[in-house]
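One chain, subunit A, appears in both complexes that follow, with subunit B as partner in the first and subunit C in the second.
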Partner chain A sequence: MTAIDRQMTAPNLARRPDRTARQRRDTRTAFAFLAPFLLLLLVFQYLPLAMMAKNAFMDYSLLNPGAAKFVGLLNFEDMLHFDDARESLAATFLFALVVVLIVIPLGFVLALFLNSNLPARGVVRTIIMLPVVTSAVVVATMWNFLLDPSNGLINGVISLLGLPRQPFLTSPNQALIMISVMTAWQQVGFAAILFLGGLQGVPKELAEAARIDGATRWQVLWNITVPLLSRTTLFVVVIMTVFSLQAFAPAFLMTDGGPQDSTNLIVYHVYKMAFVMQNAGYASALSVVLLLIVLGISLLQMWLLRAKWNY
Partner chain B sequence: MKRLFLAAMAGGAAMSAVPALAQDAACTADPVTLRILRTPGNYPYPAAMEAWQKEHPCVTFEVNEVPFAQLGDTIAVQAASDDPPDILVYDGPNTQSYAKAGILLPVTDYLPEGWDDDILPATKAEHSYEGEVYSPGIEQTTVAMYYNKSLTDAAGITPPQTLDEAWTWPEALEAFKACQQGEAGAPSVWGLGPTRFGNGQPGLVYQDLIYQRSNGDPEADPESSAYKTFWGMAPDGSTVEGYLDTPEAIEALTFYRALFNEEGVAPKVGIPNAFFDGKACFYIDTPAAGSALLKEPVIEWGITPMPYFKSPVVHTGSTTIGVTARSKNPEIAALFAVDMSWGELAYMNVSQRGNLPTLKSLFDRFPVYQDYPMKVFVDQLESWGQPRPPSPYFAQYDRIVTDAIRSVAFGGDPEEAMQNAEREVARAMRR
Partner chain C sequence: MTALRKPLALTLVLLLILACFFAPFLWVVSNSFKPQLGIFADVTPISWRTFLPLEPVLENYRTLFERTNILRALLNTAIVSAGQVALTLVLCAMAAYALTRIRFRGAKAVFVVILLTFLLPVEAMLVPLFQVVSGLGLNNTLLGVMIPWIASPFGLFLLKQAFEELPRDLEDAARIDGAGHVRIFVSVILPNVKVPLLTLGLVTFLFSWNSFLWPLVIAQSPDIQLIQVAIAQQGSPTQLPNWGETFAGATVATLPLILLFLLLQKYFTQGMAMSGIKG
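What follows is the complex of A and B.
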């Protein structure tokens, strides 16, 4: 326990002194300021969550919600009985894994570059941030053109090299990898900025002391910078994982979940089940499962990557 | 600037006053506002609405528009609300889905005398459910195969112009190969251009289910695979088991897959305006493309009937007009929907967009459809037209089968794709 932690917990051990009128007034004021946000959170976040949980046990369509009927665990049984939920979750996990595996190291390397005194940092910072602030529709359209199996730019380069053209988004073996790469390309700038923030918070004295003691740059990076960035790394990993598990635009805009459901990401599958297949109860059940999975993965990541060092 | 602002204010006031003036002129009853949900550029058109308002001066309109791609989602959300629109302009094949869900009001009792004899049978079948008519229908479309005459002439190809001489699919493939320019799979001019519907990828039920249906036989024994192949779903809409993965369907889909893969004459993804830019010899589209080319002939073109394997077939259908069951003004809304679809008002609506009417009596009033090339559409509609498999589960069927056919176009196994599709449709029908 750090000194600060001890200070924070110490007052709890003693008898809480009587609250003054001033403290009570401050509390009321704080609640007054928080109330609008809490109300919005309640109405637009927690109430829909509760309704979703209830609907997961119903069979109904959006066209006729009045005819909803209670079906118990049928929607959850369907997830086990049919392949769609399993296949969609598998595609989503693979997508998230590829995105995180590309984004974390690449974002870290870019952040190291941006944190150095090397030239053209401003240009690079702009370049890597552009995809982050570009609309998902624009990015998807651009990559659709790039990955066109017949006339795309990438296939043009491939055929110039004398290699066979690749189907990319029309191949069940390549489509998921391609949309993962596209998403990583779009998100890497965000990860780099987060890592950069972490790097700039690492005390320079530690690296300087290590260098005086004879450590190489690589040893400083591996033994000081990386461990001290563990909180930032945890944050970036959790954020990127949650973003990836909730990805919708690539499947919606580029592949329609195909070919052969290979890019049928779970959030897109939920949308398709509710609005196209008119099976809103099943879509709610899928959402409940997704919520629990995201929560579980986030907790696991937070435990595995918990900080062992403070500064 | 000030003058511009005043002019804008005056213009806005005048525009908003138009319906009010018509209403105030002779309205002696309670005013009614009919709320219409439609896609942009779709009917009912202002001329027909204003003509109708003269007879019904107490009625004004509030029109909301959403893009076609979002229409189904919007209807799903709005139809369930406490205050749904009065009039829906929706995709016709969804009629039975909406009727079963209780969204649409039956309009059978409002139909004029003679409607039954005048309406195209395919339209009536598509817009009916359990003995009731839910939409009178306004326009009808189907697809035919357009060709770039300069390119086909250069390749020495003379496509047929009448139904009697229509190509079979193998004959059409030979024409695609002869006309295509460049490497198979990545040519500079494609044999068969991509669709303009959806995201441009192949597989749409409207356009591509007819490959396998045409390899069936509607006159065969109802228990035979040939019969089931033609219908693609039990005629009563009760099942798809044994209707999609028949040997005939697999044979047709194997040919279909070759177009995009082994033969490389059709692209797997969309190419905007490929046909109109001279990048495709042949192209499948509705009369809308012909109407556009007649107005602005950017290329020399012609139309050939849809090729087939054994039984010629084309899908019919279009957007159509209906009344919501929970409309606060059901009587006047039903009257409006039916009037928009009958007689002179129907003509005004249909002629605006250039598609075909649903009433046989109106065909003579469209000279463009009396002669080649546009006559091909009328002939096909009357001789080969079939609705997409009518069912309360059409929306689900449409999506599942489209995904299956698309996966075949991308190189998937036809049998596996169709077996999966049957299983998924059966699952949707279970509810």
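What follows is the complex of A and C.
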């Protein structure tokens, strides 16, 4: 906004009528420049948002949306009565939690490595970014085979170490953990890049001064670097959480939400309800819940980050 | 990081990183050049043969292109991604110009309207978006696949930031010469933001090429199938279809992006670091 403020003080205030004519012309020009963007934004963001809010109170199918019936809060009551929504949300939260718990420390350590003056930094950066630029579909396909009980690479490594082969995706106890590990594997490079941005903003003088005062490297890391990166860390946690809450490909491609619904991630559940079960009203209600959860997380983040101590 | 100064420790850490992040790719690509039984034979016990095709065969690629319509899917995806990049750049640049270079009433309100959409989780909008796009008759069209994402709030922010950094003197001279907004936009502003445009183009391409859930629901007819959907339908380890053929498909679907990434890594990384919300 600074650019606009600067202009507001500068132009000629001398001839008023002239100025308003120009102002009107400028407003018209501005909206001409903005029109295509705003039109698409209204049609593809705000209109769906309004429809979603309305459809959550309807009973209808996508095959015949014209025949929608108003059912009040029934969809939300169903969500409370049946276990599917609760279980799906629980699985999704657990999935996101495991992803964050892996990605944050590993991403941070990798960022420290990238920010050091050790050799091979460039190679490491390229390699950890490969999964990030690879699509969720290809990653899921790849891991489907990596995790295969009989001929998968990971079981190959496990048996090389003399340990018993694992079922992974067919086990209700392991499937969710494995798709979390896979997602963390894919996203850790992205987290490292974000942490690296934060690290590069930490003034070197602080660490140097502490070192001169006799602090060990660990003390500098724990007492200076980590606290100074709290804003970046919160940011990365929120991004990874919001991203994980919307994961779809692992459930669709690797587990079909199973075994025993243990990986029935919420977006997959919405997809199934809307496009397979043709219960679009219920799917809309689930979507509203997901939307509110994500909005809540984003607002919490904004509140926590409101201009706290800056360095 | 002190311990890492010892060469042995550093080497071990590097090998671990290679094993975790690179070996899976190597396994998939090298297996795409092996027959099914070769893949199975080479995985137990693991040795260097697991990661190298000693007698490479092109069989998997031949059957992939003959049996499936992957070529069509690649072409469709290239069209969608190119179109999405071009339109995103044009629309976002125009909007960013209006918000940074023209003084008008309501600029703040417009900005807030755009800012709010940043908070909306994309995947939660799936069902109503499907209804809007099919209501417009755009389901099963390539335009329908790309059109919801063109007005990208992320793209607008990225370019708005870049536009704000340009000094005002730049356009003042042009204005004195009588240039209007269109000319200033095209011949003064745009030539000075090539790097941000490239960055946004790359991130948009990545997002578009890799998107899956939206094409899955909106482009169901085989003629306009996109690459990620085609790969997703290829098969899982338990179904009979050939592992090697699936690996060949995954390789083909990923290669264009990896090459682009290796060539323009700096801009990719910059764009990702700025994106925060990744598609």
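For the reader, a short list of remarks on this structure follows.
Definition applied: the second predicted complex is superposed on the first by the 256 of 311 C-alpha atoms of A that agree within 3 Å, B and C clash if a C-alpha of one lies under 4 Å from a C-alpha of the other, contacts with A are read in each partner's own complex, and residues count from 1 in each chain.
Methods note: a residue touches a chain if its C-beta (ideal position, glycine included) is under 8 Å from a C-beta of that chain, and two chains touch if they have at least 3 such contacts.
Nothing here was measured: the structure is a model prediction, and the numbers come from that model.
With both structures placed on the common chain, the touch criterion links A:Asn151 to subunit B and to subunit C.
Applying the stated contact rule after C-alpha superposition, one finds that A:Thr126 touches subunit C and leaves subunit B untouched. When both complexes are overlaid on chain A, the residue A:Thr20 reaches neither subunit B nor subunit C. In the superposition on chain A, contact of A:Pro167 is made with subunit B only, not with subunit C. Once the two complexes are laid over each other on the shared chain, residue contacts for A:Phe82 go to subunit B alone; subunit C is not touched. In the superposition on chain A, A:Leu62 makes contact with both subunit B and subunit C.
When the two structures are aligned on the shared chain, A:Gln260 is found in touch with subunit B, with no touch to subunit C. Of the two partners subunit B and subunit C, more subunit A residues are in touch with C. In the overlay built on the shared chain, the residue A:Phe275 is in contact with subunit B and with subunit C. Residue overlap on subunit A between its contacts with subunit B in one complex and with subunit C in the other: 62, 65, 144, 148, 151, 159, 275. Contact residues of subunit A toward subunit C in the complex are 1-4, 6-8, 23, 26-27, 29-31, 33-34, 36-41, 43-49, 51-52, 55, 62, 65, 112-113, 116, 118-120, 123-138, 141-146, 148, 151-153, 156-157, 159-160, 185, 189-190, 193-194, 196-197, 217, 235, 239, 242-243, 245-246, 248-249, 252-254, 267, 270-271, 274-275, 280, 283-284, 287-288, 290-291, 294-295, 298.
On the side of subunit C, the complex with subunit A involves touching residues 1-2, 4-5, 10, 13-14, 17-18, 20-25, 27-28, 39-40, 43-46, 50, 91-92, 94-95, 97-108, 110, 113-114, 117, 119-133, 147-151, 153, 156, 163-164, 168, 181, 185, 206, 209-210, 212-213, 217, 228-229, 231-232, 234, 236-237, 243, 246-247, 250, 253-254, 257-258, 261-262, 265, 268-269, 272-273, 276-278.
For subunit A in complex with subunit B, the residues that touch the partner chain are 59, 61-67, 82, 144, 148-151, 155, 159, 165, 167, 169-172, 256-261, 272, 275-279. Here subunit B touches subunit A in the complex through residues 72-73, 75-77, 79-80, 97-98, 101-103, 185-187, 199, 201, 267-269, 271, 395-396, 399, 403, 406-407, 410-412, 417, 427-428, 431, going by the rule given at the top.
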